[in-house]
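Next come the structures, one after another.
There are two complexes below, and they share chain A, which is joined by chain B in the first and by chain C in the second.
And now, the complex of A and B:
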């Protein structure tokens, strides 16, 4: 299953203007994080005892991991639903997921008050299997590792084929200052290359077991993200508090995952000036409305069953947000039901964006907007708090931008490179694909 | 005895009969997986009609638990010299608080806020690392800062917003009443707040005895009290009981129902996981499907070099 022919490194400059913008945002975010560790969480955030979870948990963890579900959704489609023709798209999805999850874990470390005690997660006597958070924490850690392993082939291939250009340049630069032992360094590098060459085929053999683990783990913790707020039965608004939360969160993350793959592919084609993968995209787009339809049906059915349809239509604050979430998801799906619009990059982008925003709003509704701890409590994130989240997102995009230029991540372009982008192209002849 | 309902009657008689009380009081709780209310736990009874608002309990709580509980005196804005301890609410510095509920110049009541020591505590159910624990013997819910990771899930879960977090500290912790488990309780056999109350508005004792005592007061002066013991059944039973002359929600004690939320969420979590068999089964079957698909794709690839019909 050596598919590394499917991918290519994007050849372009790394230090672009957007690189510097993102870098600045990232640095601001990290400076504020430093402040949080010196002065306490209250110094940078508006969280309080009524709203102990703010934007960091709601966006970075609860929503961010759903947005990072592209790798999960694609893995289901490719390996379980057996659609190998999408295989070239998975590596960039895995990379986005890796960033999403890795940084969600990082945000948690910023958010929790006593991170130095986290080692307790590894002490069996402290395990608390009743806690949805225990489950989420372990799964997220495990899944991040899995994603790293899934991405490893890209790194190994690069090392194997590397001419160590940058290393040579570095050594040249060092030369006048200190005389490095060039031969020794190069022989070490050769060793690394041999190691990579040795490891890659071995890894390829067992990779499928890791990939399937990468399907099992998100299934577990994405549903557990829904279970997480089940216990706050007196606080989460009845529009969203239901025993179906785990199921709703699971379906929600899969359709967000597919939508994000669409968005990501369209955006990177646009910015990296590559042709759009219109055929694969419209194929993916066909799956999304089926999922949202199930989701919307469960939402409505559950509300009807609990007798809260009236609450949903009450047109107050909560019903407003509910209807917004509902209409965004339903509206985006409606577009995708139309076969012709599925062929248009613009409509694909619009609908995927609507569905992603609607699906993300659902998670905000459950965790923050529909959360009412009692009279007298208010929360709106502070600027510093927002900037930390923005910094983390910026870092995510920055990392993606750089890594696709270092490692073979994006789908390989074939003969039809000459097509002006926007006209689409035909499916590349992909080895190992039944197409 | 003014024609008490069967439940109240049983509660009255239920002094010695924990079993009786568990059958009657826990009528609803029993429906939820046979959860039994344990009336041998230690408990506190707060009588809002007796409380004179002297706040001796507050100052004592802070004095005896100051260091071990990482509490601190709170300065009010009007008090630049720091003469008083003036917390506005429970906080990372304050475990218990007396609040005034004033309806009119002649109608008012005090109410004490502190941990309810739930019999099926949500905070314990959600803590991922077992930093919140409930001692089954005494029923006391305690917090261990040596284990806590500071995730604040306990705050999300607690229906009474009891656990508080030290937002302004670089090394913060959760603060909540632990019935003086490591201070006054072993030292003098009662809690700090109960030991200093001048009018016996806070009474410490065995839960069964306190329920009986509460009912005795409700019956002795029915016009003075709302005929209800807050905590007898709330969320599957609380070990902090309250009786009062005002509707409880007005005093800031929310209507929460009798079902412990922890029961509900745990049931769903366990149904999904089935003791970890479900995830393993899922993994197994997914592996099977994925490997079969890979094989198929490879064969297909071998027989048909090019396939570009998709």
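And now, the complex of A and C:
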């Protein structure tokens, strides 16, 4: 894996206006999380005995991890399908996944009613190995660790090549006050740098095993997210409750993963004023409709087999959401079947957004909208509950935005300069850029 | 002093069973049965009891003595220091009167007075005399030094059969004559001996009276209707009634309401505690309840009279299984903000999509929004 020179640190100011906006949202969200731990879950949430999970599990865990599947989808494409030309894109996908999964695990801790019991999870003798929920929890934790290791080369490279400019500035600032032993500090820093230089090649040798693990774990738990709902056969609407739930969740997370890679790449190229990676993106875009086609076939075939096609066309509340989900995914895919539209950044963005929203709506339908625990139960998230989710999303974007400016994450620009310029690559139009 | 010396007839197992039954009846926590047992075993805590008989049939004493398992009676009679009981004491005549006076003198202000039977008041109470004194005089004399009075049976509690019109002797219950003492009514014809035992044990253990209802009855025994725990209740709910003694429904064990059962309006624990230690009680052997713990029913309405009940048939529907709406409602502010945010995101996405280059295609006709 000597591809570390595929990447570069984005050279730009960190403290932009969007930084402060996201920081404010993050602080509001985390203040509400603090409130939840001080005053209890009822103080911030509308969850009840009928709906023991709400927006936190539905979005942050069930949908958030699918959106965080960019790393998984890219790893399959690059390492299993051996398409190394996509390799420069993996690191930003891994970073997104790292935030998505880390914060999904964190959301579970916010959501569980008695978080002080969670230490039991680390005691193997107390494991309930037959539980799908246990598998999800175990995989989310393991996968977060794996993603962290996958991302580690970026950090190590940075340390290795660091000139310690900020540290020097800090020492200069300290100088008049406490006269630090500059030589001692610098020798310690040099030790850290040497340690990083020693570790990085070693890590590179074993990284492929970590990556294999990183491909196995989401395959296991993304299907388990579907299995979780299997048990609620009387509560989930027949449009969505099927034995194929695990399979549907698995395929769903892969095409959402690819779509989110498209969106993320387009948005970051646009706002960071970098050329669009149109060649790689249109290659990815070719895979997505194949996956959605399989997925939609399973959905329709299963409905027909169970005799629920009429339910899907009943045009009631549930049928409405089903049709919306179906049309979003199918509509986005139809665009991508068109070879010329796959070359257009705009259409790539639009179709990827449609598929992502449709795929995410599918998970919302299974976990929340199509979930009816019994007469008399209602759920709609409270404002505080939503703000916690918004705070977590803001924290993800904020972290991404800052880390790509600190570590070499984004693809290196000169990478394919040997290709004729203009073949697939476009410089973004500068007007109206905000970042 | 060990139990075996104190109550040689009772083995430990039966003793504990009885005391646990009593504590359960009283609705006390399980652990309290130890306190009750300690009281029952401790001779120093044995309350001195003076038992007076007036206009009665001695059925109350009989029900106590005729328990098929003698333990309860033995426990009661040995647990209390029964200093004077006209039908049980060995002494007679002046000797008996002497022991009454001695006990009153020695335990003045501490003894429990148990009254069995109604007190005649007409013609200065001449219709009931013991040792040349009228019942009124005896009662007032003994009650003056009593710590508490237990009216044993419906006669002592409310007058009973003697007081039914025209009431030639002017019979009344204890409560009509004694106003300045704590009176516990244990009505019933006869009352269950367990109710008496429980009351005495409670008083001796905790030094206070159990909670009473508006008619002076301990709530632990008389707090509920017989109907509420009757074993024939399912037949009542299903509308299966015996309409004549010995008919098919009667022999099938169906509900006795149409035969005049007073269970729906009678407060007592007969259907739970039962009698004679063999689980028998009138309704279980096919006879309707006659309402013997209720002064307004016993002997005042015929056995075959049906009582008025307000819900003679069960509800036509079932209790809802779904909960009442305990979910918090949808907040207009939240939905508004969600709508605005979603709109803003979709709008921003559409704007971004519009700004993105569309190199491959030139058709600008249709703008996208998702």
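By definition in this document, the second predicted complex is superposed on the first by the 415 of 435 C-alpha atoms of A that agree within 3 Å, B and C clash if a C-alpha of one lies under 4 Å from a C-alpha of the other, contacts with A are read in each partner's own complex, and residues count from 1 in each chain.
Note that contacts are C-beta pairs under 8 Å (C-beta built on N, C-alpha and C of every residue); 3 or more make two chains touch, one makes a residue touch a chain.
Keep in mind that what you see is a predicted model, and the values were worked out from it rather than measured.
Trainee: Classify the contacts of A:137 with the two partner chains as first (chain B alone), second (chain C alone), both, or neither.
Mentor: first
Trainee: Based on the superposed arrangement, let me know which partner A:279 touches: chain B (first), chain C (second), both, or neither?
Mentor: first
Trainee: With both complexes superposed on chain A, which partner does A:353 reach: first (chain B), second (chain C), both or neither?
Mentor: second
Trainee: Quick one: is A:328 in contact with chain B, with chain C, with both, or with neither? Answer first, second, both or neither.
Mentor: second
Trainee: Once chain A of both complexes is superposed, is A:227 in touch with chain B (first), chain C (second), both, or neither?
Mentor: first
Trainee: Which partner does A:381 reach: the first (chain B), the second (chain C), both, or neither?
Mentor: second
Trainee: Please work out whether A:128 is in contact with chain B alone, chain C alone, both, or neither, and reply first, second, both or neither.
Mentor: In the superposed model, A:128 contacts chain B only, not chain C.
Trainee: On the A-aligned overlay, A:213 touches which partner chain: chain B = first, chain C = second, or both, or neither?
Mentor: After superposing on A, A:213 lies in contact with chain B but is clear of chain C.
Trainee: Once chain A of both complexes is superposed, is A:340 in touch with chain B (first), chain C (second), both, or neither?
Mentor: Touch status of A:340: second partner only.
Trainee: Which of the two, chain B or chain C, is in touch with more residues of chain A?
Mentor: After superposing on chain A, more of chain A is contacted by B.
Trainee: Give me the intersection of chain A's contacts with chain B and its contacts with chain C, in residue numbers.
Mentor: The overlap between the chain B and chain C interfaces on chain A comprises residues 48-50, 374, 377, 426, 429, 431-432.
Trainee: Spell out the residues on chain A that touch chain B in their complex, using ranges where they run on.
Mentor: Touching chain B: residues 1, 37-43, 45, 47-50, 52-53, 79-80, 82, 84-85, 108, 111-115, 117-118, 120-121, 125-128, 130-135, 137, 208-209, 211-213, 215-216, 219-220, 223-224, 227-235, 243, 246, 279, 283, 373-374, 377, 426-427, 429, 431-435 of chain A.
Trainee: Of all residues in chain A, which touch chain C in the complex?
Mentor: 46, 48-51, 266-267, 270, 276, 328, 340-347, 349-350, 353-354, 357, 374-383, 386, 390, 426, 428-429, 431-432
Trainee: Okay, in this complex, where on chain B does chain A touch?
Mentor: Touching chain A from chain B are residues 89-91, 122, 125-131, 145-153, 155-157, 159, 161, 163-173, 254, 256-257, 261-262, 264-266, 268-269, 272-273, 279, 282-283, 286-287, 289-291, 293-294, 296-298, 300-301, 304, 306-310.
Trainee: Quick one: in the complex, what on chain C touches chain A?
Mentor: Interface residues on the chain C side: 320-331, 333-335, 337-338, 341, 349, 352-361, 368, 370.
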